[in-house]
Structures are given as C-alpha cells and as structure tokens.
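Common to both upcoming complexes is chain A, partnered first by chain B, then by chain C.
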Partner chain A sequence: MNIRLFSYFIKLIIKSRMEYRGAFMIGAVGQILGYAANYLVIWLLLQNFDTINGWNWTEIAFLYSLNILTYAIGASFTYSPMVGLDQTIINGDFDKYLTKPLSPFTYYLASLFNIGYIAHIVISVFVLLWSISQVDMGWTAVKIIYLFLAVISGSFLQAAALVVIGSLSFTFLRVQYLFSILFKIKEFIAYPISIYGTLLQLILTWIIPLAMINYYPSLYLFDESILTNKLLGIVALVIGPLAFYLSYKLWMRGANKYQGAGG
Partner chain B sequence: MMMRAHYAIMCKAFSRNTAYRSEVWLRIFGNISIVFIQISIWKALLGTGTLKGIDIGAMITYSLINMSVSMILMSKVIYVVDDKLKTGNITSDLLKPISYPLLLFFDQLGNVVFQIIFTVVPTIIISWLLFGLSFPREPYAIAAFVASLLLALLISFFLGYLIALVSFWFLTTFALDWMITALITVFSGSFLPLWFFSAEWKFIADMLPFQFLGFVPAAIYMEKMDGSEIIWMMGKGSMWVLLLWCATKLLWWRAIKRLEIQGG
Partner chain C sequence: MIQVEGISKEYKQFTRSPGIIGSMKNLLSREHTLLKAVNEISFSIEKGEAVGYLGPNGAGKSTMIKMLTGILVPTSGTITVNNLVPHKHRKEIAKKVGIVFGQRSQLWWDLPVEDSFELHRRIYNIQDIDYRKNMNIFLELLNLKEFITQPVRQLSLGQRMRAEIGLALLHNPDIVFLDEPTIGLDVIAKDNIRSFIKQMNRERKVSILLTSHDLKDIEEICPRMLIVNKGELIFDGTVDHLKSSLSSGKIITIEFASNPGEYVALENAELIADQGIRKTFKIDKGLDSAIDFVQSVSKRYPIKDFILQDSDIEDIIRRYYRSLEDDNNNELTKQERLSVI
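Showing the complex of A and B:
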C-alpha cells in the first residue's frame, strides 16, 4: 500500500469524524483539560520543591510533553487497530483485512486511523514550545533537526509497543489487560528516570527502552557536551524505527499464522 | 425482602467480576508499580528531610492509602448508566420493583467488594512488605477512617451518576468523564497531598467535594486530623452527599420524563 492510498484513507476518516464536529470539539476540550490537570499537579508539586533530581519545572514539562506528543502521534496510527484487534479476531471480522490486494498491516492501520489524538497533540506541542522558550538550550541547527528526529523516533517506539501487544492477540486472543499494564509501566517515564535505582534505569534503557522516548533525547538537548548524553541521544534516534520494524515483523507473523489456522 | 434483593444484586455483580480473576495479578502488579513510582518521586524530593512535618515514611503510607481508595471509587458508574440510557436497556431496570439508583449502587458495591478482596488487600500486603506502612493507633481514627471510606463511596457514586445524567442531555459522556477525572486528579490530592497546596489552591480544593475521594481518608488514617476537624469534615462530606443526591434526583426525574416523551 503506497503513501497516497494511505493518506486518502486518513482523509476519508477525518471527513467522517468532522460530520459530528460539535461532539468532537467537546471531546477535545475534555482531553485538553485532562492533561492540563496532570501538568498542574506537577507544577503544584514543584512549587514546594523547585526540582526533582535537579530537573526544574520547565525541564520536567519538556520531558513530559515529549512523552505525550510522541504517544499521540504513534497512537493515532496504532491505538484503535491494536486495542481492537482481539475483538476483531473473535468476531471473525479480521478476514476482510486479509482478502484485499494490500498489505494487511498497512490496510488495517489505515482503516482504523484515529483523529481523536489531536487534542493530545495540541496541548503537548503548546507546552513543549513554551518550555523551549523558557529553558536556554543553546539552539543550533543540529539540535533543531535532532528534536524533529527524536519526535519521529519516539512516535515509532510508542507505536511499536502497541503493535507488539496487539500482535499477541493472534496467539492469546484476550490481551486487554496487557494494554493496561503497558499504560501503567509508561508512567515510569513521566519523570526523569534518574529517580529510580540503577537496575530499573538499566531496564528502562535497554530491556523496555521507554527512556529512549523522552529521557535521553531531553538529556541530549539540555547538555550534549557530556559523552554519554550524546551517545544515548543518538541511540534514541535509531531505536524507534528499529523497534517498529521488529514489531511489524512480529505482527505479520501473527497474521500469517491466523491465515494458516483457517480463521 | 428488599434487603435480600439488594444483597442478591451485589452478589451478582461480585460473581460477574470473578470471570476476570486471571487479570487480578496483573492489576496488583500495576498498582504496585504506581505506588513504587510515587515513592521514588517522594524519595527524590524529600530524601531524609521533611516538609511541613511530612517525611518519606508518611508519604509512603499516604500513597498506598490513596491508591487503595482510588480502587474502590465508583465514579465509573457513568459508563454503566450511559450505556443503558443510549441503548434503551434501562427500561428493563425500570420495570424492577426497586429504586434505580439503589440498584445501581449495590451493583457497584459488588464490584467494590471484589476489588477489596482480590486487589486492594493483596496490594496493601505486598506493598507493606516492600515499602513499609504505618497503622493508626487511636480507635477513633480507625472508626473515622471507615466512615470516610463510606463517604468516598457515596460521593464518587453520586458524582458519576450525576455526570451520566447530565450527559443524557448533551451526549458527551466521554468529555465529561475526562473533565471529572481531571478535577479528581488535582483536587482529590491522591498524588499531591493538600498539605502541599498553596493557600489559593487549598481554598479551591476546600470548596469542592473531591478531597473526600483521597486526601480526607488518608489524612484521617494517618492521624493528621484532630477530633473537631474530623467531625467538621464528616459534616461537610455528608452535606455533599445530600446535595449530590438531590441534584441526581432532580435530573433523574427530568430524564425519565424525556425518556417517556421519546417513547423509550
């Protein structure tokens, strides 16, 4: 499936959602308030303490927004298809994605694109830009490109996590609780991971590399003169697309197995 | 006779939950992760020091109690009512010779009992072994804590029910749920205790019913409130229950009229 067909699908989905513009807008406002509450709690917390492990409010706001923004982009493409996959399989509706002359992965993703994450994107971009204006990061052309690439890589990583769990639907059928575990585990990166013990930091860096989404890119942007910041910052750019590719392979393996079982 | 019917509704909800008991371990794991994250933050912030008389040990207990209270809140009743109103399945509930909110409440209570036995108690025991937990010494604190849990149940139930009824007119359950969750996040004090709020924010929190859904039970449990303060809070909480109950009564009456006009 090529990019043009993919974006045509998305255009159709946006059009149909905009039929109910009022309800859509109210939903978006609700979500923005929901996230504003999370920011507010951290802000209130830092009124008392100034910093968490040396990270001040604007730096935490940057870290937090990077997580929400990349999640929103990744989840726009993968949340609805992956969370709904087990039910789609159980209902026997998955067959229709296999019987088109298109890659089942891209066709399935495109037909369930979710425009609802626009509210997440609005608030996280707003806070991200605000925090950038407050912290002096010594912007260079390299850093601007880095931030851009870090957002893309992070989005791929967030999407990969959803795709991996989604692909388990082919084997285990019911995987909803695994998604709720993922969302709990993702709470670990809402704050700088330096607050945790060494073992957990290693896990979040190398085994479940969630820290590559926001922590290491933030470190790189705040101070790239430290060698480890630089190295891990570069790893963070690679790991997202790589993880997504592997998750795609895993998903396709599951889909092929489903075909073999005869539905 | 009536009590037996309520009890039966509760038991039915309880056994409905047992279908998902394999997920219980994962839920416990999730809860302990969240408590662990919160404790890590407080360790980084407080270290060995204190702020306004609160040290890390106190914050561990506070986080754990708040996690437990959040597991028994009924504000998600909003989706039960919403589903029934929109599908029209509510008519079969209305035919039952039992008051609808009571039916709903006992149905939710069945969920809560299940949660307490299979999630809250194991979470508390494991966290107690991992992180430590202090217990109240004064009998009056224990009694007041139990009473405050009851208030938390009732207030969360009526809030959820009220939102569900409001969304009957505006058809925006999803957005309203996000908003109410936002208010609970900030003003229940479930993560950041109201002790650490500045004067203006504390004032707003005091004007709203959300502190009963987290902060108040935890503060009572930790014996951070004296007798007169507890009585004042209990009175205030009861007023909120009464107020919310009246509001739901009024909205319910209007909603039913509309339901009949539409032909159900």
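Showing the complex of A and C:
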C-alpha cells in the first residue's frame, strides 16, 4: 500500500467520522479535559514538593507531553485495529482483510485509522511548546533534529507495544486484559524513572523499554551531562522503528497462523 | 481455471466436558477432536463456467471458498486458481478474483456508495477507461444510479447487495465467488441479482462459483452443480442429470367420487397420504405410467379429479440428504480423537 492509498483511507475515515460530528466534538473535548486534569494533578503535586528527584514542573510537563504526543501518533495507527483484533477474529470479519491485493497489515491498519487522537495531539503539543519556552535548553540544530527524531521513534515504539499485544489475539483469541496491563505499566513513565528502584529502572530501559520514549530523550535535551551513557540517547532514536518492524513480523506470523488454523 | 485435487481441511475443535468440574478439567488438559470440514474433494472449473456449490449448513462450503481465495491454507491436497496456489499468491489471485459474502459487507457503512467504488478503483489500480465503462454498465444494469450518492446505512438490503456485487466485479475479475448472495432478499431483488450474474457470466465469460441455500439461484444461474455433505463431494453434474437420476418419481393426488377404502388396487404405486376420498400416491416411473395408473384406477373406482405433480428440486435434494444420512447412521462416526495435554 502506498502513501496515496493510505491517505485516501484516512480521507474516508474523516468523512465517516464527520457524519457524527457532534459525537466527535464531544469526544475531543472530553479527551482534552481528561488530559488537562492529568497535567493538573502533576502540577498540584509539584506545588508541594517543588521538584521530583531534581525535575521541576516544566521539565515534568515536557516529559509527560512527550509521552502523550508519541502515544497519540502511534495509537492513531494501531490502537483501534489492535484492541479490536480479537473481536474481529471471533466474528469472522478478519477474512475481509485477506481478500484484497494488499498486505493484510497495512490494509487492516488503514481501515481502522483513528482520527480521535487529534485531541491528545492538540493538548500535548500545546504543553510541549509551552514547557520548551519556559526552560532554557540551549537549542541547537542538532537538538531540534534530535527532538523531531525522538518523537518519531517514540511513536513507533508506542505503536509497536499495541501491535505486539494485538498479535497475540491470533493465538489466544482474547487479550483485552493484556492491554489493561500495558496501560498500567505505562503509568510509570509519567514521571522520571530515576525515582524508582534500580530493578524497575533496568526493566523500563531494557526489557520493556518505555523509558526510551520520553525519559532518555528528555535527559539528552535538558542536559547532556546528566546522561552518563550517551549511547542511550542514540538507542532511543532507533529502538522505535526496530521494535515496530519486529512487532510487524510477529503480527504477520500470527496472520499466517490464522490462515493455517482458520480462526 | 480452477483445479482442486484431493483437498482436505481439518479444524481442531476442543471438546468441552459438561459441568463445573468438567470445565476445570478442561483448563488443565484439553481434549480435541479433529473436525474434517472438507474431505478429499476434487473438481475443476473451466473459464466461463457457472457452478453451484450446494450443501446443508456446516457442509464445508465457506471453508472451500476460503481455501480457493487463499484466506485459508488447506490441510492437504492441491488447489490452483489461474495456475497459482491461492495461499501462496494471495495478492495476485486477489486481483483476478471477486468475492461477495452475503453476510459481510465490503461497503463503508457511513459513506455514500460511490466512495466505496472509488476506494476499490484505487485498491485495484483500475484504469480510468475501465472504471468508467464498468460504472456506466453497473449504474444501468444494477440500477445503482438511484442510490449511489446515499450513505450505505440508508440502503435497503436489496440495494446494498446490488452494490456489493457491482463492487466485486469492478476490477474485471476472471472468477467471482458468491457466498449466499441472495440471503434475506425478496423475490424481485433476487431476480435482479440472478439476471445480472447470469449476464456477466454470459457476456464477460466470468467464471462463477456460487453457494446458496436457495436452489432457485443455482437452477437459474448454474448449469452445473456440486453437492457437498459433511465435507464430502457427493454429486457433480448438471441440474437435469440430478433431476433425472433422482426424481423419476411422480406424485399423483386423486379425488374419488366415493371413498374406495384403504386398500385401493395398486400397481407400482405407494400410498403416501390418505384423506378418505382424497388419496396421494407416489409412483416410480415416467409420465406414461402415471397416465396408465390413473386410467387403471379410474376403471375400478369412479374418479372426480386428479393432480399430477413433479417433485421439485428442493424435494429431490432433501431426499438425497436423507438417504445419505440413513446410510451414515449405520456406520460409526468417522471422527478421529486425539488427546493433547
């Protein structure tokens, strides 16, 4: 599937959603209010403590926004298809995605692209830009490019996490509880992971590398000297696409298994 | 065009033990049966042929279509469609094949019908000339023009089905698989769809494989018929052949002037319904013997009236299934049991 076809799918999806524009608007406002409340909780917390492990409010706002922004971009592509995959298989609707001269992966993703994340993007970009304006990060061309790449890589990583769990639908048929677990684990990266114990830090860096989404890129951008291991700043830029590629492979294996077993 | 040789498809089905203790047992060790949905089926379909694929629920019809389109991989045997193995060349096959699932829609529910067509034009990379030519034909023949700008959710079932069929033929496929295309439609809508399919088959030499529960569909569209039951192919031939080989029987209802009693003189006839002066007989030979029969009866008992019926195709097939079931009841079930822990 080429980009033109993919964007035509998105065009149709926007058109479909606009058939119910009232519901869409209410949903968007709801999302923005929900996340505004999350920011408020962090802000209130920092009114009492000033800093969390050396991070002040604006820095944590940056960290948190990076998480939401990358999640919103990644989830636009993979949230709806992956969370709905088990039901799609059970209903027998998955067959449809195997009857076109397209890769079932891209066809399935394109068919269920979710434009609802625009609300997340609006609020997280807004806070991200605000926090950048408040902290002097000593912007250089390299840092600007770095931030840009970190957002892309983080988005891939967020998308990949959903794809990995979605792939398990082909084997276990019901995987909703795994998504709940993922969202619980993701709450860890709302704060700098240096506040947790060593073991948890290691897990979030190397096993479920969610810290690569926002923690290491933030360290790199704020103050390179804190990031003792420079390599981690670079790893954060490549791990996303790599994880996404592997999750894609896993998903395709699942789809092949489906063809063998027949649902 | 389509070659199917010795195709089988087995599904694993978990056996569920009854009761709470049973379900706890299942958590630890699951026993499963191998269900043969399709068992050693072979046939071939030529270019431009229209074939009906018929069988009761659970006979393996959809499984066969899914294997032919590459959605499912067969357990054993070989299939080629256009000289390609479907599940290995799924995308190439998809370009040459159109599919209509009567119970699943390819249309975008909230959008006007024309958007789904435009999307298919892009998916299949259809040339502008071909696209416009086909659209003009479909707008006329399927009468799409009366609802092409309406959202799909506002269409009647008949309109939606017409759109589905147009969509499946948009990219000029060589083969069209139709799985229950007339399910739930009224008589007029069915007629429209049948005549369109017939016309496409005749004029474009599109091969057709059609499954349906409505035998009229098959009788009108498909000169040839495959009948499957419990995964096995039990008949491959023309509709006429099926009729003549199975339905030499005629049903005659005779209305007598007065009740001749239970023991009417019978040659080659079986009394199948008795309502006093109205009696229904089944006789085994052709029309000549039916008239002979009525004549010989009328010589002995005064007759007021009689009705001669041909048993219709549904009746024939119903009897065919029943005779097969009787045979089967005498055997043990063929399913193999495997235990996996």
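What we mean here is this: the second predicted complex is superposed on the first by the 258 of 263 C-alpha atoms of A that agree within 3 Å, B and C clash if a C-alpha of one lies under 4 Å from a C-alpha of the other, contacts with A are read in each partner's own complex, and residues count from 1 in each chain.
What we mean here is this: a residue touches a chain if its C-beta (ideal position, glycine included) is under 8 Å from a C-beta of that chain, and two chains touch if they have at least 3 such contacts.
Source: prediction; values computed, not measured.
Partners chain B and chain C fit side by side in the overlay (superposition on chain A). By the touch criterion defined above, A:Asn48 reaches chain B but does not reach chain C.
Here the apex is the CA centre of chain A, and the angle it makes with the centres of chain B and chain C after alignment on chain A is 90°, in steps of 10. Of the two partner chains, chain C is the only one that A:Leu102 touches; chain B does not reach it. Looking at the shared chain after the overlay, A:Asp93 reaches chain C, while chain B stays out of its contact range. In the superposed pair of complexes, A:Leu5 makes contact with chain C only, with no contact to chain B. When the two structures are aligned on the shared chain, A:Phe179 is found in touch with neither chain B nor chain C. After overlaying the two complexes on the shared chain, residue contacts for A:Trp130 are found with neither chain B nor chain C. Between chain B and chain C, B touches the greater number of residues of chain A.
In this overlay, which is a superposition and not a single complex, chain B and chain C have their closest Cα atoms 11 Å apart. Within the complex formed with chain A, the chain B residues making contact are 23, 26-27, 29-30, 33-34, 37, 40-41, 43-45, 51, 170-172, 174-179, 181-183, 185-186, 191-192, 196-198, 201. Interface residues of chain A, counted against chain B in their complex, comprise 23, 26-27, 29-31, 33-34, 36-38, 40-41, 44-45, 47-49, 52-53, 177-178, 180-181, 184-185, 187-188, 190-191, 195-196. Interface residues of chain C, counted against chain A in their complex, comprise 9, 11-12, 37, 63, 66, 69-73, 87, 90-92, 94-95, 97, 99, 101, 104, 106, 108-111, 115, 119, 122-124, 151. If you check the complex, the residues on chain A that touch chain C are 4-5, 8-9, 12, 15-16, 19-20, 92-93, 95-96, 98-102, 259-262.
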